[in-house]
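Below you'll find the structure, written out as structure tokens, and then a few comments.
Each chain carries a letter (A, B, C and D) given by its place in the written order, and its residues are counted from 1.
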Amino acid sequence: MKVGVLGARGKVGAEVCRAVEAAPDTELVASVDAGDDIEELARSGAQVVVDFTHPDVVMDNLRFCIEHGIHAVVGTTGFDQERLDRLEEWLAGSPDVGVLIAPNFSIGAILMMRFAAEAAPFFESVEVVELHHPDKADAPSGTARRTAEMIAAARREAGSAPMPDATSTGLDGARGADVDGVRVHALRVRGLVAHQEVLLGAAGETLTIRHDSLDRVSFAPGVLTGVRNVADHPGLTVGLDAFLDLR
Amino acid sequence: MKVGVLGARGKVGAEVCRAVEAAPDTELVASVDAGDDIEELARSGAQVVVDFTHPDVVMDNLRFCIEHGIHAVVGTTGFDQERLDRLEEWLAGSPDVGVLIAPNFSIGAILMMRFAAEAAPFFESVEVVELHHPDKADAPSGTARRTAEMIAAARREAGSAPMPDATSTGLDGARGADVDGVRVHALRVRGLVAHQEVLLGAAGETLTIRHDSLDRVSFAPGVLTGVRNVADHPGLTVGLDAFLDLR
Amino acid sequence: MKVGVLGARGKVGAEVCRAVEAAPDTELVASVDAGDDIEELARSGAQVVVDFTHPDVVMDNLRFCIEHGIHAVVGTTGFDQERLDRLEEWLAGSPDVGVLIAPNFSIGAILMMRFAAEAAPFFESVEVVELHHPDKADAPSGTARRTAEMIAAARREAGSAPMPDATSTGLDGARGADVDGVRVHALRVRGLVAHQEVLLGAAGETLTIRHDSLDRVSFAPGVLTGVRNVADHPGLTVGLDAFLDLR
Amino acid sequence: MKVGVLGARGKVGAEVCRAVEAAPDTELVASVDAGDDIEELARSGAQVVVDFTHPDVVMDNLRFCIEHGIHAVVGTTGFDQERLDRLEEWLAGSPDVGVLIAPNFSIGAILMMRFAAEAAPFFESVEVVELHHPDKADAPSGTARRTAEMIAAARREAGSAPMPDATSTGLDGARGADVDGVRVHALRVRGLVAHQEVLLGAAGETLTIRHDSLDRVSFAPGVLTGVRNVADHPGLTVGLDAFLDLR
């Protein structure tokens, strides 16, 4: 399978290039970054493009791919409903092309979020703890927010009761942030990379689901899974889950 | 719903009695233990019987229940294929009666095993660590063995490669026990109750699923789930999973 | 050694009675609670009294003990500097009597706090996470606050730099409570008992010190350590540490 | 302070060079590796040499340093009593020179081992779990063995009873390796780097001390601590502990 990479000189893009070259069934035919000619993707015969660029340019990149019949696997952020609607429109004119937009390519992170949401209605209490290096600007992390939203949605659907909490005195912030009724705690500690723990509890027992991301290479297997499957999923897909063989 | 308890004066049975009395939708109508008259179950009008007794007596208990049209939720151990076949035979003559045989009523433990098996094919390495108080006679625990077997089965079905392990020198036992190709480690530490951790790893990331059972009461919600649903599942069911609303 | 227990019918007091009776070198000679005659302590020949009562009565109890030459091991809370000064005064008149006031008798908790404070100056970042059942009224716990204060004091003394934290956007409370510059996070999850984790990090490594208290009996060995040693420490001692054979 | 590095082109040595250059109070004046002229160390005016080379050459390197009045901080392995005796002899002729031999420069690992040994006599049970990537050849790790030996020595000295373990049936290896009566378990999981956990337990409570080494740079602060202090410790010192301001 012939693969082009957009954002090829960025940290993640460079890692993607290495993974595409290393895999036995994929071939890197084009490495494009800001300042390069995007036409190179078409000239090189790329069947799938991986895009880790920037919200400012990703829509132009995707229009080019769709118009040229090239499937796309996208890790760039910034997709709101308006952008997704526009992509659907463009894809309607190229019904064979598949585009995958994935906020997270780490299979461990995806499973952590799914399992947390699936288990949430069976427990009285659920809280989220995320732990990162202290150079991170946002707290809590985007992944922690999404996890809490998924937990809250699963509990709403199941008709779960609000979580018990008898706290009556204390210090501001001790009980963390409230995301849709789920408490989220953010630690910032030198030496850490990116970690998250979901703690679920019922009378006499707890279940803990933890994901540790220790190295950027953890994205690579998920990106390759996207590259290998996107052609079989024409149209727009959001979330790598759809390509994993999960129940 | 009228509930009778067999083995009512045992540690677990007594806890079940308390839970049945405390729940708003169940009523404890008979508490029977060794030396008591089992006919009490029928006289009391029990619709469901919970059995936490002993392998020596459980088959007689179940024959009585099935003959009297009483559903049964069974936590007693010792069911081999021969016993399950005999139960199926008896149930064929009472097609409305439901019997649930469950090796584990802790919802946290059940989810831990399911998630571990579901995630196992997505990772290069999977190991199991179980931690218990030092008065336990068997190592590893039955739950750890079953978890390892489920992990091995899921990987076989998915065609997963054997796990990497470059160990060439070392001390006997350091790498744990081998259960179907899955390494299982058993810790025995005073102060612990019953805990298990499944550690899954791929390049750059790990996923950890941990269950902590801190109190015998953790069985109660699972038993009540069995009691509430067994009448809707006539015939023989093995494993509480079937009654949980999981995907 | 002859031991009396004040507050003998309370949850902790009853556990202390059991431990005193079970130990080979201590004998329970008086069990006194509200409504009983405190003179019983003197009549029974108690050499040491253990007090788990209430801030309202503990000072009267201690005056009685000191006047009667009985050593005291005290787990009751509510001692401020004024009360400690008063005790010192009373003890000046009974120079052979020893009184131990200990906010925590769990040896695991004491070591966790000591190690956290000792290690704190060697790491760039230190945060505290405490985890309890959701019926707890205060957040963070008193132990977590004390731990954070000890960490902050150790870092001040060593001249440690403030901890790095680039958080610029986020949700209120996500970064926990600030206790003397140390971030403290409080989780409230059904099924938990009393747990605390101190996470220390420097470039490329983290050190985690965690204490899990799973059962009230964890106080007993510390109380017995107090009982056995208080006679050898005349005067006032605050904190069980002084009786432990630590470096 | 003028610093030379021996083994400067090895993985660890290169990291040491970077750290020496980055610190405000140290200056890298010589980078020497196999094939280079060791006289460069003397010509460059190095006051301290850091040696991460090989057991085959380290003794020659140290003789050179001692003869030239250069202090040495040594991370190279392979020092037995015979080698240490020889070093003492050489140093007797250069009484101002300091040599530090340290098996581990990670401050987190050093503290983990110290705390584990200090706490061990206060608990009934102590076990060690080490977790590494699956390309590691030895199981358990050298650090885990040393930790277990330190725990066993501390318990022997304190007269601790043997640890309780009622295991009577099970699978070979489930209970780990036995190092001086301390059970040691080794996990090998892709995605992990180098991690170790010491679990201590008494009635109703456990204390866990865990070290996670996520990046080779974790050695750097310890090496710099050695560099800055070795001149103030003439003679032979084994173990970085002696230079840390610990109780």
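The definition used in the following text is that a contact is a pair of C-beta atoms (placed from the backbone, for glycine too) under 8 Å apart; a residue touches a chain by one contact, two chains touch by 3 or more.
Every value quoted in this text rests on a predicted model; they were computed, and no experiment measured them.
Looking at chain B and chain D, the chains that touch each of them are A, C.
Interface note: chain A and chain D, two copies of one sequence, contact each other through mostly matching residue numbers (shared numbers exceed half of all numbers used). When the interfaces B-C and A-B are ranked by C-beta pairs in contact, the top one is A-B.
The interface of B-D is repeated, with over half of its contact pairs matching by residue number, by A-C among C-D, A-C or A-D.
Per-chain CA centroids place chain A at a distance of 45 Å from chain C.
Between chain B and chain C, the centres computed from C-alpha atoms are 39 Å apart. Averaging C-alpha coordinates per chain places the centre of chain A 35 Å away from that of chain B.
Shared interface positions of chain A, i.e. residues touching 2 or more other chains, are given as 123, 191-192, 200, 202-206, 212, 214-215, 218. Of all residues in chain C, only 123-127, 129, 131, 134-140, 163-179, 183-192, 199-206 touch chain A in the complex they form.
Interface residues of chain B facing chain C in the complex, by the touch rule stated above, are 191-193, 212, 214-215, 218.
Considering their complex, residues 106-109, 111-112, 115, 118-119, 121-123, 158, 200, 202-221, 244-247 of chain D touch chain C.
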